[in-house]
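Below are structures written as structure tokens.
Both complexes shown next keep chain A, but they swap its partner, so chain B is in the first and chain C is in the second.
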Partner chain A sequence: MRVALLLAPALSVIVVLFGGGMAVAVSRSVGWMPVIGLTDPSLAAYAVVFADPDFWASFALSLHIALTSTALAAVLAVASALLLRHSFAGRGIVAFLFQLNLTVPHLVGAIGILYLFSQSGAFARLAYQAGAIAVPGDFPALVFDPYAIGIIAQYVWKEAPFIGLIVLANLQSVGEDWEGVARSLGAGPWQRLRHVVLPMIGPGLVSACAIVFAFAFGAYEIPALLGASHPPAMPVAAYRAFTDVDLAQRPRAMAMSVVIAVVAGVAIWAYLRAARRA
Partner chain B sequence: MRDIHTTVLAAAMTVLPALAAADTDDGDSLIGADWDTIVAQARGGEVNFFLWGGSDDINRYVTEYVGGILADDYDITLNRVGLNDTAEAVNIVLGEAEAGIDDAGSVDMIWINGENFRTMKQADLAWCGYVDTLPNGALIDWDNPSIANDFGLPVDGCEVPWSTAQFAFATNTALVEDPPRSIAELIDWVADNPGQFTYPAPPDFNGAVFVRHVFYHAAGGPDRLLGDFDQATFDAVAAETWDILNAMEPDLWREGATYPQSLSAMEQLFANQEVALTFNYEPASVGVNIENGTFPPTARGYALTDGTIANTNYTVIPYNSPNKAAALVLQNVLLSVEAQIEKADPAVWGARPGIDFGRADAAAQAAFAAVGRHPDVVPVAELSANALPELQADWIAAIEQGWLDNVGN
Partner chain C sequence: MTDGLWSRRMRLLGGLVLVTWLMLPLIPLGVWSVARGWFFPDLLPTAWTLEPWRYALSDVGGVPGSLGVTVGIAAGATLLALIVGVPAGRALGMHDFRGKRLVEIAILAPVIVPGIAVAMGLHAVFLRAGLTGSVWGVMLVHLVPVLPYVVLVMAGVFANHDPRLEDQARSLGAGPVAVWWHVTLPAILPGMAVAALFAFLVSWSQYILTLLIGGGRVVTLPLLLFNFATSGRNDIAGAIAVIYVLPGVVVLAVTARYLTGRGVALRGVAR
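Let's look at the complex of A and B:
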């Protein structure tokens, strides 16, 4: 009873604000919007969305952004955590620099990526000074590009320290005794990583990755700032439909938002499973 | 479902600070009321003005100049709420209407025109009929069809004009000595100068206006596009427009594989010399951008010989605004000759007036005539000699959707 009371403020925020928002999104996605005369619920908006090749292009792009960013960030994070758990000269400074990104807002990071990597950005200007390119168009397209390189770079830069911190905390709580045992039994470095370290940090790693995946799949601002105009990432496509001047487009926007929420929900389910095993 | 929605918004409302001053959500009691009474009701209150926030100069004019007058003369707090897209404010009002919040909305005024105004009218979200109550309403020339009609849709007293604008191009004279001065010349110029031109992807406001210029060009002028939407005419003209734009695509910036998603993104490309031309529905912006160092001093605005599209923009008061008296005072200040002259100053904003200075007194007319022009902004006379009308919103929506389906995919 006391636990329920103590949790009530946090739970009511989640249930009322988040749950309420989701309920509104679902109701609008099935075409329930009395103010403009939509009072006949149906799944028509979903049918339209799923029949639209542009939707699947956006879905594939968002999946690519989320999967690639998460995989790259995870590899970097594990490698960094393995280095940072040992003590060495300057470790404090390196650990500080490693965590610094966590405090920088995503939007600021995106502007930084833009200033550095655009075709008239800092690196393009250096390349021009070095005589490597003659006009901005000669510099490779790293932002607004079809492969979402700029978006993925931003997510990896921002999320590798996040995953890394969780893995590092795991590693430090596990200690190095198990690896010592494995070494004394003749296991090589790769065998120790594969059979000792990874299984022990696995649940923490998977749960951190699930959070990063759900975020990268559903976040709007980075693909809006760094993405190509077509196809738009899922959240950008949903927002465009939401701000379409034709009010009849609102159900389509909400259907796309519900799809984003479902994908994020699957990731969170994976997270909970992983957390339970931990 | 409705209950949950209401609960959510009710919960959100209770955490907001309580609103001060008199609640003036009842518009009927204000219409035709004595102006001093309205000012007295508005005194000590606040007004939430939602407007596109992408220009520092406009933001400064609204917050400091207009906000200053409201604070000093009327004791009203002006809250400027910056938007990326005016549809966001319309969405807020729409959401409130749906939740049954008919007298305590969070939006008191929106800077608006065209399709968003149509949405407000379509869903009955605009407060109408108060224009004659404004003392400065007498300065508005409702006999001018481009004032009385917002993108072909009759205003019907549901909004009041703020400024007029006309599309203009700009180039960097250090790089391009002789820029293309018509859409036909532009098409050839892009083919001769690959990678030097692009336009923001519709539904960006300015990108959509550029596409309409090409649409007018394909139609041989706007004459047969005026009036109600006509599918047969649209299909014929649209097919040619998409052919032109698709043929242009390989010679655009990034070979047309992507388009800038906003005017500010394109202005950055222009400032960084990634592209050689830019354009803006607000012709004065090139002067402002030179003065604040964004554009090089060699940038210069220019008009097209086959004309550019002109429009009027307005401010609208949502039906559920709880601060209608303060909103009326704000609107009256915006319409005043002092505020319109300040707004026309190229060092401030450079926007052309929404009022008819011919209706103002001689001193105001002289003051307006004395307002200078930035040397790099195309002269008003040169632009307005070839002003093209805007189309009705149905045309505009069809052109934007057609571009997305046929060119931007």
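Let's look at the complex of A and C:
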């Protein structure tokens, strides 16, 4: 009873704002709007969305962005965590920058990447000074590009420290005794990583990766700034449909945001599954 | 014991590469904010100026007003989240009850589900309630990521809180208010301060929630920053970006020791 009273205010806010928002998105995506007399739900918006090759292009692009960013960030995070668990000159600075990075908003990282990677950016200028290119157009397109290189670079830059700090904490709480045992049994460094370290940090790594994956799939401002205009990433496509002057696009926008939520649902499932093993 | 994969020299090299990579995207922002005419292919600006800063700090560009709106929304959302979130944190941190797992999932979901999915649906509700395009509406929608964050951090804080202190105070005749004010609050205050600071940063970083619910009429700092960055004013965008990262640096300086992978404090900041 007491517990229910303690939980009630927070749960009501979450149910109304989050649950309500999701419920309205779903009901509008199936065209169920009793207030204006639409009481006949249909999957028409989904049929239109799923028949549209542009939707699948956006879906594939966002999946590529989320998978590639998460995988690269995870590898970098594990390598950095293995580095940071030992003392070396400058460890304090690296650890501080790792933490600092977490507080920098994604948008700032994205603008920084833009000024580094664009065809008149810092890297292009370095290439010119090195004699590799003559005009900005010679520099490869690393932002607004079909492979989403700039977007992925931003996510990896921002999320590797996030995953890294979680992995580092796991490494420190497990200690190095098991690795010592494996070493005395003749296991090489890669064998120790594969059979001792990775299984122990696995749950923490997977749950952090689930958060990063869902974010990279559904965040708007990074692909809006760094992405090619066609095809747009899923959240950008959904936003464009939502703000289209043609109000008939609204149900399609809702359907796309429901798809984003479903993908996030898979990430939640992976997170919970990993958390149970932890 | 040395790690087989990182020899001593490799460790130093690895550290150096890591530092460079972590700093790299932030450097051009700082340089642009004091650059006059920095054109391709110059590696450094031909002249230095404080003009972007003068512009950013004057009322013309709208930065001071936007700064006030952003701070107000973040402070308001944080306060609301603390009021409803601290009791819930206590329930999750100190009690076992039926359906606890379900409650945890309900609190985890808004952390993971991207804001765009929630905000599009909420837009219709807020429109009806007259909350779109208003600071209050934006503050409310910021609760979606901020509140779960506060609950999770406070659950961690209360998990280390000893209820026997409260029992002792009660047995000495203290009423509920006195127990809360003289025993509970002082014990959880450091953890609550960390929760508040990071809750502030979570709201501070929001983009799409503000854009959708604010409808372009509530211009927080990230919206302004995006506009300057996409209109090619790199110098002013650089100055705003520097202003925009400052609170994070301050919060980090105050709380660095709490921001490890062990605490939940960092979970929400990834967004």
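In the analysis below, the second predicted complex is superposed on the first by the 263 of 278 C-alpha atoms of A that agree within 3 Å, B and C clash if a C-alpha of one lies under 4 Å from a C-alpha of the other, contacts with A are read in each partner's own complex, and residues count from 1 in each chain.
In this text, a contact is a pair of C-beta atoms (placed from the backbone, for glycine too) under 8 Å apart; a residue touches a chain by one contact, two chains touch by 3 or more.
Note that the structure is predicted; figures quoted are calculated from it, not measured.
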Once both complexes are superposed via chain A, do chain B and chain C end up clashing or fitting?
clash
First (chain B), second (chain C), both or neither touched by A:Gln99:
second
Once the structures are superposed on A, label A:Tyr220 by its partner contacts, choosing first (chain B), second (chain C), both or neither.
second
Go through the superposed model and pick first if A:Gly21 touches only chain B, second if only chain C, both, or neither.
both
Contacts for A:Ala238 in the overlay, against chain B (first) and chain C (second): which applies, first, second, both or neither?
second
Quick check for you: in the superposed arrangement, does A:Ser80 touch first (chain B), second (chain C), both or neither?
second
Going by the contact rule set out at the top, does A:Ser257 touch chain B (first), chain C (second), both, or neither?
second
Where does A:Trp190 make contact in the superposed view: on chain B (first), on chain C (second), on both, or on neither?
second
First, second, both or neither for A:Phe144, with chain B first and chain C second
first
Looking at chain A, does chain C or chain B touch more of its residues?
C
Just one of 93-101, 129-137 or 309-317 in chain B runs into chain C once the structures are overlaid; which is it?
93-101
Find the residues of chain A that appear in the contact set with chain B and again in the contact set with chain C.
17, 20-21, 23-24, 120, 136, 224, 242
Which part of chain A faces chain C closely enough to touch in the complex?
2-3, 5-7, 9-11, 13-15, 17-26, 28, 79-80, 82-83, 85-86, 88-91, 93-94, 96-109, 111-116, 120-122, 124-126, 128-129, 136, 154, 157-159, 161-162, 165-170, 173, 176, 179-180, 183, 188-190, 192-193, 204, 210-212, 214-215, 217-221, 224-225, 235, 238-239, 242, 253-254, 257-258, 260-261, 264-265, 267-268, 271-272
Chain B to chain A touching residues, read off their complex
1-2, 4-5, 7-8, 11-12, 85, 87-88, 91, 94, 97-98, 115-116, 118-119, 122-123, 195, 201, 203, 253-254, 257-261, 269, 272-274, 393, 397, 408-409
Looking at the complex, which residues from chain C come into contact with chain A?
1-6, 8, 11-12, 14-16, 18-19, 21-29, 32, 39-43, 83-85, 87-88, 90-92, 95, 97, 103, 105-122, 124-125, 140-141, 143-144, 147-148, 151, 201, 204-205, 207-208, 211-212, 222, 225-226, 229-230, 234, 237, 241, 244-245, 248-249, 251-252, 256, 259-262, 266-267, 269-271
Which residues, counting only chain A, touch chain B once they are in their complex?
16-17, 20-21, 23-24, 27, 32-36, 54, 118-120, 135-137, 141, 144-146, 224, 227-230, 240, 242-247
